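Multiple structures are listed underneath, in structure tokens.
The following pair of complexes shares a single chain, chain A, combined with chain B in the former and chain C in the latter.
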Partner chain A sequence: MYALVDVHKRYGLRTVALRRLNLEIRTGEFFVLYGPAGAGKSTILNLLAGLTKPTTGDVRRNGQSIVHVPPERRDAAMAFENYALYSHLSVAENLAFPLRAAGLPKAEIETRVNRIAGVLGIPHVLHRRPGFLSGGQRQRVALGRAIIRPADIYLLDEPIGHLDAKLRHRMRAELKALAVEMKATIVFTTTSSKEALALADRIGILNAGRLEQVGTPAELYNAPANTFVASFIGDPPMSFLSVTARPDDMAAALYTADGQRIGTAPASAVGLTGLQVGIRSNAIQMVEPGAAGTLAGRVEVVEHLGHSNIAVISTGKDELQVSTEAEIRLRPGETVGLQIDPAKLHLFSGGAAFADAAPARNVA
Partner chain B sequence: MARITANRLLKRYGNFQAVHGIDFDIADGEFVAILGPSGCGKSSTMRMIAGLESITEGQILFDGTPVNDVRARDRNVAMSFENYALYAPITVYENIAFPLRSAGKDQAEIDRAVRAVAEKMELTPLLGLKPGRLSSGQAQRVGLARALVRKPAVFLLDEPISHLDTRQRYRMRRFIKSIHQEFGHTMIYVTHDQEEALALADRVMVMSDGAIQQLATPPEVYSRPANAFVAGFVGEPPINFFDFSDADETGLTIEGNRVSLTDPLRARVRELGPVGLAAIRPHFMRLGAGSPVQLQGRGFITEELQDHNEIFVDIGSVRVSLIAPPGVKVARNETVTISVDPDHLLLFPADVKVKEHSDDL
Partner chain C sequence: MQRKTSIPLEVLRYGAIFLVLGFFVFPIFWMVLTSFKPESAIMVSPPRFLFTPTLDNYYHAIVDKNFFFYIKNTLIISVISTAIVVFIGSLAAYSFARYNVGDGHILFFILSTKMMPAIAVILPYFLIFRDVGKTAVGKALHLGLDQHGALIVSYVMFNLPFAIWLLVSFFQDIPRSLEHSARLDGLSRLQVLRKVTFPLAAPGIAVTAVFTLIFCWNEFLFAYILTRKLASTVTVGVESFFTLQGILWGPVAAAATISVAPMLVFVLVMQRYMVRGLTFGAVRG
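And then the complex of A and B:
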């Protein structure tokens, strides 16, 4: 197990990369760091690898500080977005390098190189030098060189970020299968919601040097701690409507700005300002405008994504993203009705999940 | 604003021909995405439209007038490239105002134009900041605002959002689309990302190997791809391909599975002959029996994406993916039956190139 304890990391005088961050990486887990560019994802990998030291705080392995252990003695295997391969060696020799260094027998090395090349879809380029590879192939070789040898922890910094969509899709499945098989401890960074959900045992959502929430994909998807997490997990992202809570025989009822009742809440929500409900696109049904109990909205833009369309619908103050079947044709400017499933609302107060929001889920 | 026409447009670099004499006609005010893998000729095409690249043969016309010999800066083309070079020492306001100042506009007009575009791009609160203080998404919006402020005839965008996180990508798409709806420019968007192309464009021009493979609306390129390349490049998750063989009136064979055919597919087989390529999108396959087109496979892995699952299954030597509701899973090496919706089974001539990944040389 690895831990960052109260880690503060500053570069120079002004740039704060991590702020009092606490994080545990459990042995054998696939941990995904997910967040916008500049959130601090790579800094965490560098701290775990020993390439940089915390300004204050501690980095521990199995409870013991490793801050002063140099990178070459940490048994961490790394793959970076900007991959450095040995240009004078073939792909096979690049892959074999860490195994030779570990003194493995030749036959064993060959077996492993062939196996990893198969997983990464590069057996046909094993004899080539890196200079004769495409960017995506080089990135896969770099990933292969990291995962080919046993290591205590694998640190993978957007290792499939430069691949085309088809390869990325395929590599995602291969990597997950391999991780399960190896029972490896992996820390993986990404800017893709889908990649995070598909790969992770647990996800840490990082924003401006702070962890917003750590949890399983299901926890983050079903119970986001705040609106940042809610809008970051899921594709398309969650939409938000401003609401007010008024007393009601169900404790409290939630009303939109134009007076439409869309759900219920605990009595303690009454009178709070800054209430928002978060709604995923699959919790919204498009219906005839004007139907009872529905919100009126105006179609702003429509995206045709092939299997489905995503419409951005304005309700006046807020905008909602709604998935529809591809056959449903909508035009910008059109008025539509929106039926929102009250059981699928997420209530937030001042940006944080409303502590007692659970009752909002089961009463219409 | 302008209509953009290409006649037998060809680009050669030394002995290498990047664009093979293509024709297209982009209507005034239309939004066209040029989509393809790296090296397909999309950037060369865009650079010829912009005037940054000479035209080897053929013509580009703006509103019917050839512009081959018109210099880039005289074409009134705005460009926004992935690396927005904002001027660091001056404010966002002055960055946006820059093209208007260079054009010698008067102060009142500049102020009006800058504030109008800033309002549209949600940049008003940032006008006083220097670029160093901006997030990458904000910097991109400033770059777009600067390009838009001088009311160009055509607006060219080159992969401006491919590196953003999921949430930012949706926001930027929303912006770009509303810019188009609001200002009505002819817009040409160059990308390798099929989702962006489909989401943004009125029509998608799919390119590969220096040629246009299809130029059609997003629903058309998705549902009626002109060839196997388009089928493979458009759609997320990617379409599944199989070689088929022994095709005749009674059916065809996919990875050892004999399947029967519907009438339209039978007609297609008569055109194609006994061997070819079958393709089916992950959304049109499901676990379980019940279709005339059934395939036997072994489970590989299940990805739980929360609102749906994506399941990978090995059918013979082919790994396929399919979309399933949450809760439906396969175990590794579990034997499974897959039903294919025959109405969405696509058949193409045998073509080895399509199975290669675009970054495989």
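And then the complex of A and C:
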């Protein structure tokens, strides 16, 4: 088990990469670090690899501090985002590099190199230099060099980000299978929500050096801790509507700016400002405009995805993304009615998930 | 690259190439030619291209003047100087490139020492080596006048700044992540230098070695002032053919031909490493 404890990481005087970060990575889990570019994902990998030291805080393995253990003695394997292939060596020599460093016998090295090249679909380029490979091939070599040997932890920095869509899909499946087979601890960074959800046992969402939320894909999808997580997980991202809560029979009812009632909330929500409901695109039904209990909206943009369409619909103040069936033809400018499933609302107060017993500090 | 060009243009192109080539190669050709000429055929007008070749000039240079003695001195001094320059230079350049030692100021200071004209320091050098040569350390390291050590130290001093400066840019081109990757693959800091960084910087190191060696080989001023007889180099040796009876052009040409030959071979061998293409593809493209 690896842990970052109260880690603060600064580059130079001004650039703060990580702020007071606490993170646990369990043995044998596929942990995905997911966040926008510059959020600090690579910094976390470098800390785990021993390539940088935290400004303050501790990095631990099984409870023991490893801050002062140099990278070559950490038993970590890493695939770099910029590939970091040894350009003076052939692909086969690149793949063999960690095995040679470990002093394995020649025959054994050859077997393993051939096996991994087969898995990655690059046996025909083994004799070439990295400079003569395509971006996708280089990325596969980089990934192969990382997973060719047993390691205590695998650190994969966007290892399939530069592959074409079809190959990425295949590599995703391969990686997942490999992870299960190797029972390895893997930390994987990505900027793709799909990759994160498909691969992870647990996901940590990073934003500007802070961990926004850690949890299983289902937890993050169903119970996002704040609007950042909510808008980042799932494709298309969650849409938000500004609402106000007014007292209702037993609890509270949520009304949009146009006075449309769209759902209920606990009584403690009444009087809070900055309330938003988050709605997944599949929780919205498109209906005839003007029907009772529906929102009116104007179609702005329609994206055709083949099996479905994503329509961006403006309700005046907010924009909602709605997925519709492919057969429904929508034209920009058209007015539609929206039926929102009240059971599938996520309520946020001041950007954080609304919790019934939350203290009143969320009041702006 | 396949490109169709018209025949006249092609003729023009090759014509230009031959012109430039002739301009640069002719002096060497003339030197080699002269070295085989009998004395009567050397300083005549019009110049003679057809003559009975003779080895007299080589005999004179090698046997009478013992020219291989100068070659040996030059070889010792140049090779040791170049080895020291490349060794210190690459280590220094690596630390400048990776750790930005001195924030660029030290690097510039080092380069600025190159701006000092050699003639300005030759007298102080002469005095320093004269005195150092009398000390115990100076004696042990052959640092006195007319000794190899003195020239080696001078050549290292004069070549190191440029060598460092040249190498820094080569090291800067090697992505840091390559070294990181090698560390994680299980190599220690020093092993990374040996197995990854220096092999990748090989073209730069080759270029530096070529420049330094050629400089040392051709250097005249220091060799002339700091040596008398025992440590004299080829340039000084050739100069000794400028006698009171006149300049012995035939032996001069023969000696020059002999001294150019090793350099030619060396550069041809190094050319293979000087291809920048080696670092191609290290970074994402």
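To be clear about the criterion, the second predicted complex is superposed on the first by the 353 of 364 C-alpha atoms of A that agree within 3 Å, B and C clash if a C-alpha of one lies under 4 Å from a C-alpha of the other, contacts with A are read in each partner's own complex, and residues count from 1 in each chain.
Here is the rule we go by: a residue touches a chain if its C-beta (ideal position, glycine included) is under 8 Å from a C-beta of that chain, and two chains touch if they have at least 3 such contacts.
Everything numeric here is computed off the predicted structure, so don't read it as measured data.
**Student:** Following the superposition defined at the top, how do chain B and chain C come out on chain A, clash or fit?
**Tutor:** On the superposed model, which is not a single observed complex, chain B and chain C fit side by side.
**Student:** Who does A:Leu85 touch here: chain B (first), chain C (second), both, or neither?
**Tutor:** The answer is second: A:Leu85 touches chain C but not chain B.
**Student:** Where does A:Leu133 make contact in the superposed view: on chain B (first), on chain C (second), on both, or on neither?
**Tutor:** both
**Student:** Pick one for A:Pro70: touches chain B only (first), chain C only (second), both, or neither.
**Tutor:** Second partner only.
**Student:** Which partner does A:Leu51 reach: the first (chain B), the second (chain C), both, or neither?
**Tutor:** Touch status of A:Leu51: second partner only.
**Student:** Who touches more of chain A, chain B or chain C?
**Tutor:** B
**Student:** With the two structures laid over each other on chain A, which partner does A:Phe97 touch: chain B (first), chain C (second), both, or neither?
**Tutor:** second
**Student:** Is A:Ser231 touching the first partner chain B, the second partner chain C, both, or neither of them?
**Tutor:** In the superposed model, A:Ser231 contacts chain B only, not chain C.
**Student:** For A:Leu167, is the partner it touches chain B (first), chain C (second), both, or none of the two (neither)?
**Tutor:** first
**Student:** Counting only touches as set out at the top, which of chain B and chain C does A:Arg280 meet: first, second, both, neither?
**Tutor:** It touches chain B, and chain C stays clear.
**Student:** Enter the shortest inter-chain Cα distance between chain B and chain C once the structures share a common frame, rounded to whole Å.
**Tutor:** Between chain B and chain C, the minimum C-alpha distance equals 5 Å.
**Student:** From the superposed pair, tell me which chain A residues show up as contacts to chain B and also as contacts to chain C.
**Tutor:** Common interface on chain A, chain B vs chain C: 132-133, 135.
**Student:** Any idea which chain C residues touch chain A in the complex?
**Tutor:** Answer in residue numbers: 175, 177-178, 180-189, 191, 196, 199-200, 202, 277-285.
**Student:** Which chain B residues qualify as touching chain A in the complex?
**Tutor:** 37, 135-136, 163-168, 170, 173-174, 177-178, 181, 192-195, 198-200, 217-219, 222-223, 232, 234-238, 281, 283, 300-301, 303-307, 310, 312, 319, 321, 332, 357-361
**Student:** Once bound in the complex, which stretches of chain A touch chain C?
**Tutor:** Listed in rising order, the residues are 46, 49-51, 70-72, 74, 76-78, 80, 82-88, 97-98, 101-102, 129-133, 135, 138, 145, 162.
**Student:** Would you tell me which residues of chain A are touching chain B in their complex?
**Tutor:** Going through chain A, the ones touching chain B are 35-38, 121, 124, 132-137, 163-167, 169-170, 172-173, 176-177, 180, 191-194, 197-198, 217-218, 221-222, 231-237, 280, 282, 300-301, 303-307, 310, 312, 321, 326, 332.
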